[in-house]
Structures are given as structure tokens and as C-alpha cells.
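Heads up, the next two complexes both have subunit A, just with different partners, subunit B and then subunit C.
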Partner chain A sequence: MSGIETFVQRRSDKELVSATILEGMAATDLLVVENEWRAERSSVMQELLSAGVARPNWPESLHWDWSRKVPELQLLASTGFGIVCEKRWQGVMITKSAGYFTRLEPDKGKPLLYVDYLEVAPWNWVIPQINRDGLYKTVGSTLFWRAVQQSEEEGFHGRVGLHALPQAEPFYEKVCRMRPLGRDASKQNLLYFELTRQQAAGFLKMGESK
Partner chain B sequence: MTDNAKRSGPSREWLLHIADLEDACPSVSVGGMACDFDLLPAASEAQRVFGRLIELARRKKNLTVEQLAVKADIDLEDLVEIENEEPIVPQVRTVFQLAHALELPAGRLMEVAGLAKARPEVNQAALKFAARSESTAKLTREEKEALDEFVKVLIEVSDGG
Partner chain C sequence: MAAKKTMTLNLTDAEMAVLDELSEKKDLSKTAVLRQALRLYQMVNMRIDRGEKLFFEDEAKKEKAEVMVL
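Our next item is the complex of A and B:
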């Protein structure tokens, strides 16, 4: 597996900690992820139950089982990415580089990179109801940054599309600067977002001094 | 796989900027593939009825979700998924263990869970039960009646073979 050196921000002291973006995850890697994350998800669930938090307010991906995504990862156009920090998988993303096309002008009809799955480790979740602050920030954003990079490498000029779960809609609109294009009946009514090439350029340049 | 040896990640400035923005939007979950995989379809009627039946039977015994998971020796996650009426077919062992812990006939519970072909009497009782029960913190008189009636049918069908 090839890697790109990066950092993630530790929430407790805002320090940037060394991490690696890995590309080319294999099926066995997803099984390791599921093994590591399952125990933490179970703890989260127990804390939510003990605190009496209503189920609609639980993290929407609490029931995901990453080992079930193995067949998808084996498709030719799929690529698995992960961020590893302190020897643990902090976040995972699966992208597809074929079969998805831009809905927005001016590149309408041209191919884009589709983010099929993206999630951070349960110990990075912020759940105020049970006083969970999350260990690391910037994991999800860095994975999305990698998706934009991959889109450029594929010749898609940074165009990215995805269906966000409801709790994540603000992240893709406000942080990633994507444009919501309506709910998709074929995808459980999830909101579909797209990043144009212009928005992609702006996203990659965020934080640069003017 | 591609050769990333000379590539670098996002700049420190970018990371610090994005870290501030993330404060207002902590969730990042994307799940398009869940739909492709049918991992997030609406629960079937059988799954809804099974989930509701387990929840009411548990509450009738004054057990918390955690206590029932321990008593039945099943994963807490599995039990929560069942009671949450999520569209996941439970494992045979899980249903068997729940039947034992809740003193329900295992064979009929398999039918309610969609793991075995349901007899017409079970189907009819399940539909009636689904129409009468609502998820609330405390078992209401109507829910207790609905539960008792459903369990009675399950036992009678079991006895009758």
C-alpha cells in the first residue's frame, strides 16, 4: 500500500500529530478496520443507552459493518483509502472512478469521482450527549481532500459527487463547499452533493494567506 | 496502486483552517454504497413486527436492553438493531437465544423474524400485533394486551404443531 505523509489534529491540545494517508486498501484491511471499530461502536451504544439518548439522535453510521464492503472494494474502479495515526485506522473512504457523471454546469455530463463511503473511527465521533469530544479532527476533511486529489489525477479536474447521511449534510455544504442538488429517491432519499472544478480549486486553497 | 512517494498531504495552514470549520459540522458520514448494497432499505413488515415483539417482551420482563443482551448471550449491537427495526435479518442463533431468554417458542419466533416460512395464523397475528403496538417507554394496557394475544397465538400454533 502506498502512502502520503500528513497530520491530524488532536482535539485535546490542538496539536498536529503525524499520520499517513494510505491508498489501495485490501479486503483484509477492511476486516481489521471492522475489528478495531466494532468494539468502540459497542461502547458508544452502551453509553447512549445508559444516558437515555433517543435513537434518532444516535450517530447514523452506528450500525455500519465495514467488513460488508469487501466485495465492493474488489471492483476494478473502486479504491480504498484510509488514514492511520498511532497505528490505528482513524478513517476510511471508498471511491469509484467510473460510471458517475456531473450534473452541474459547465461540466454537465462529464465524469466525476464518486465517494461511495466515508467515515471516521468511532473514537473520533463527537457526541455531546455522552460527553464524547472525539480524539482527532481533520480526518474526514483530509480523506475528502484526497478524493479531490484523486479526481484531478483521473482527469476529472476535482469534480466529486456523493450522497451524505443527514447528520453530515452541513459538513459537505459548509466545510467542503459542495452544492446540494436535491434528495435522491434511488439512494434512500439521501441528499446528493457535487463539487465543481471551481469549487474544488477553492477547497484545496483554503487557509492560504491572500 | 500508484506511486505516492513524492506526493505530500495538505498543508499545515489548510489543516488548521479546516479544523476550525469542522467544529460546527462534526459528522462526515457518506453512505451511497449502503444503498447500492441494500444495507439501508426500509425494514420489512417481518422485521418491524419482530423488533417490536422483542422490545415489548423485554419490557414486560422489566429488562433493560443491556440486561437482555447479557441474559440471552447475544451482542448488544445485534439486539439494538433488532429493536430498532433495522433492515437486517437476524442470525438463527440470536433468535434462538432471544426465544429462550424471553420464554417464547423458538420455532414460531423464527417465523416472525423471517427466518422460516410463516404459517397463516402467525402472519395474521403478527399483522394484528403490528397495528396495535406502539413504541413507548412504558408498556400500556393496550400494548400488554396486544403482546399477550400475539404470544398466545405463537404458543397455540406451537402446541398444535
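Our next item is the complex of A and C:
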């Protein structure tokens, strides 16, 4: 696996902590991720139940299981990325680099990088109802930055597309500066977002100056 | 990105013309077009090996045709 050195921000003291973005995750890596995250997911679920938090307010990826996404990695078009900090996987992403095309003009019909899955570790979730502040922030935006960079490397000029879970919609619109293009009936009615090449250039520049 | 190996590719004029056209249309290098083709071919083959079928659909004409992949 190849890696890029970066930083994530510890929420408790706002200190930047050294981290590595790894590219080319293998099946065994996803199994390790699931093994590490499963226990934390269970704790979160127990706390939500105890606090009487209504199910629509639970984290929408609480049921995700990264071990079930292992077959995805057999595809040449799929790439697995992860951020490791203090010897733990802090976030994971799987991208697709074939079969997806831009809907927005002026590049309509040209290929883009599709973010199939992106999730941060459960200990990084902010859940005020159960007093969880999250350990590190900027994990999701750093992974998204890597997706934009991969799009550049593939010759897609930074174009990125994805379907967002409802709780993640504000993140992709405000933090990642993507454009919402309507709900997609073929994809559980999730909101589809795209980042144009112009928006990508701005996003990458912002990442470099961090 | 992963390490890459170089190969020589022999194409006919017609094949090269199509590669040029796709490269222009998709705003990709010729290498990137061929890489896309390989990824899609593998994806389609894996799904067909799993017993799935590939179709082209024309919604306007209400036509649907199965694509046979070799």
C-alpha cells in the first residue's frame, strides 16, 4: 500500500495529529476495519437505546459492515483508501474509477470518480444526544480531498460524484462544496452530488493551504 | 497510484481512429481510455460470471436488448 502523510485534528484540544492516507486497501484491511469498528458500533447502539434516542436520529451508517464490501475490491475500477492515525483506522473510502459520467455541463458525459462508500470510525462520530464529541475531525474531508486528487490522477480533472446519506448531505454541500442534482430513484432516493472540475480546483487548493 | 508497467500496443488504423475519437470525446489520454475499457470489461465479465445479464434499453422506443459479451 502506498501512503500520503497528512494530519487530522483532535477535537478535545484542536491539536493536529500526524496521520497517513493509505491507498490500495486489501480484503484483510477491510476485515481489520470491521473488527475494530464493530465493538464501537455496538457501544453506540447501546447508548442510543439507553438514552431513548429515536431511530431516525441514529447515525445512518450504524448498520454498515465493511467486511461485506470485500468483493468490491476485486474490481480494477475499485480502490480502497483509509486514514490511519495512532495505529487505528480512522476512516475508510471505496471509489470507482470506471462506468460513471458527469451530468453537469460543460463536461456532461465525461468520466468522473465515483465515491461509493465513505465512513469515519464510530469513535469519531459526533452524537450530542449521547454526549459523544468524536475523537478526530477532518477525517471525512481528508478522504474526500484524496478522492478529488485521485480524479486528477485518473485524468478526470477532479470531477467527483456520489450519492449521500441524508445526514451527510450538509457535509457534501457545505464542506466539500458539491452541487446537489436531485434525488435518484434508482439509488434508494438518495441525493446525488457532483463536484465540477472548477470546484475541484478550488477544493484541492484549499487542501494544500491547510 | 499503483506502480505501472509499459507495453506496446499494435492497433489498426480503424482502431486507432476510434481510440482518437474516444480520447477527444471523453477528454482523456489514450492510455486512460484503454484503462477505462479494461476496467469496464472486467466489471461486466465478473457480473456475467455471477449469472447476471447486460442489457441496453431505449426508453423512448420501449426496446431492450441483451448484450452478449465474449
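The criterion applied here is as follows: the second predicted complex is superposed on the first by the 206 of 210 C-alpha atoms of A that agree within 3 Å, B and C clash if a C-alpha of one lies under 4 Å from a C-alpha of the other, contacts with A are read in each partner's own complex, and residues count from 1 in each chain.
Going forward, a contact is a pair of C-beta atoms (placed from the backbone, for glycine too) under 8 Å apart; a residue touches a chain by one contact, two chains touch by 3 or more.
Not measured: the values here are computed from a predicted model.
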item: First (subunit B), second (subunit C), both or neither touched by A:A77; value: second
item: First (subunit B), second (subunit C), both or neither touched by A:G24; value: both
item: Touching partner for A:S2 - first (subunit B), second (subunit C), both, neither; value: both
item: Partner chain(s) touched by A:H157 [first = subunit B, second = subunit C, both, neither]; value: second
item: First, second, both or neither for A:S42, with subunit B first and subunit C second; value: first
item: Partner chain(s) touched by A:E119 [first = subunit B, second = subunit C, both, neither]; value: first
item: Subunit B versus subunit C as contact partner of A:P111, first or second or both or neither; value: second
item: First, second, both or neither for A:R132, with subunit B first and subunit C second; value: neither
item: More subunit A residues in contact - subunit B or subunit C; value: B
item: Intersection of subunit A interface sets (partners subunit B, subunit C); value: 2, 23-24, 153
item: Residues of subunit B that touch subunit A when the two form their complex; value: 1-5, 7-19, 21-22, 24-37, 39-41, 64-66, 75-77, 80-81, 84, 86, 88
item: Subunit A - residues contacting subunit C, complex; value: 2, 23-24, 74-77, 97-99, 107, 109-111, 153-155, 157
item: Subunit A - residues contacting subunit B, complex; value: 1-9, 14, 16, 21, 23-24, 38, 41-42, 45-46, 49-50, 55, 59-61, 63-64, 68-69, 72, 91, 93-94, 114-120, 125-126, 134, 137-145, 153, 162-165, 167-168, 170-171, 174-175, 186-188, 190, 204, 206-209
item: Of all residues in subunit C, those that touch subunit A in their complex; value: 1-2, 25-29, 32, 36, 38-40, 42-43, 46
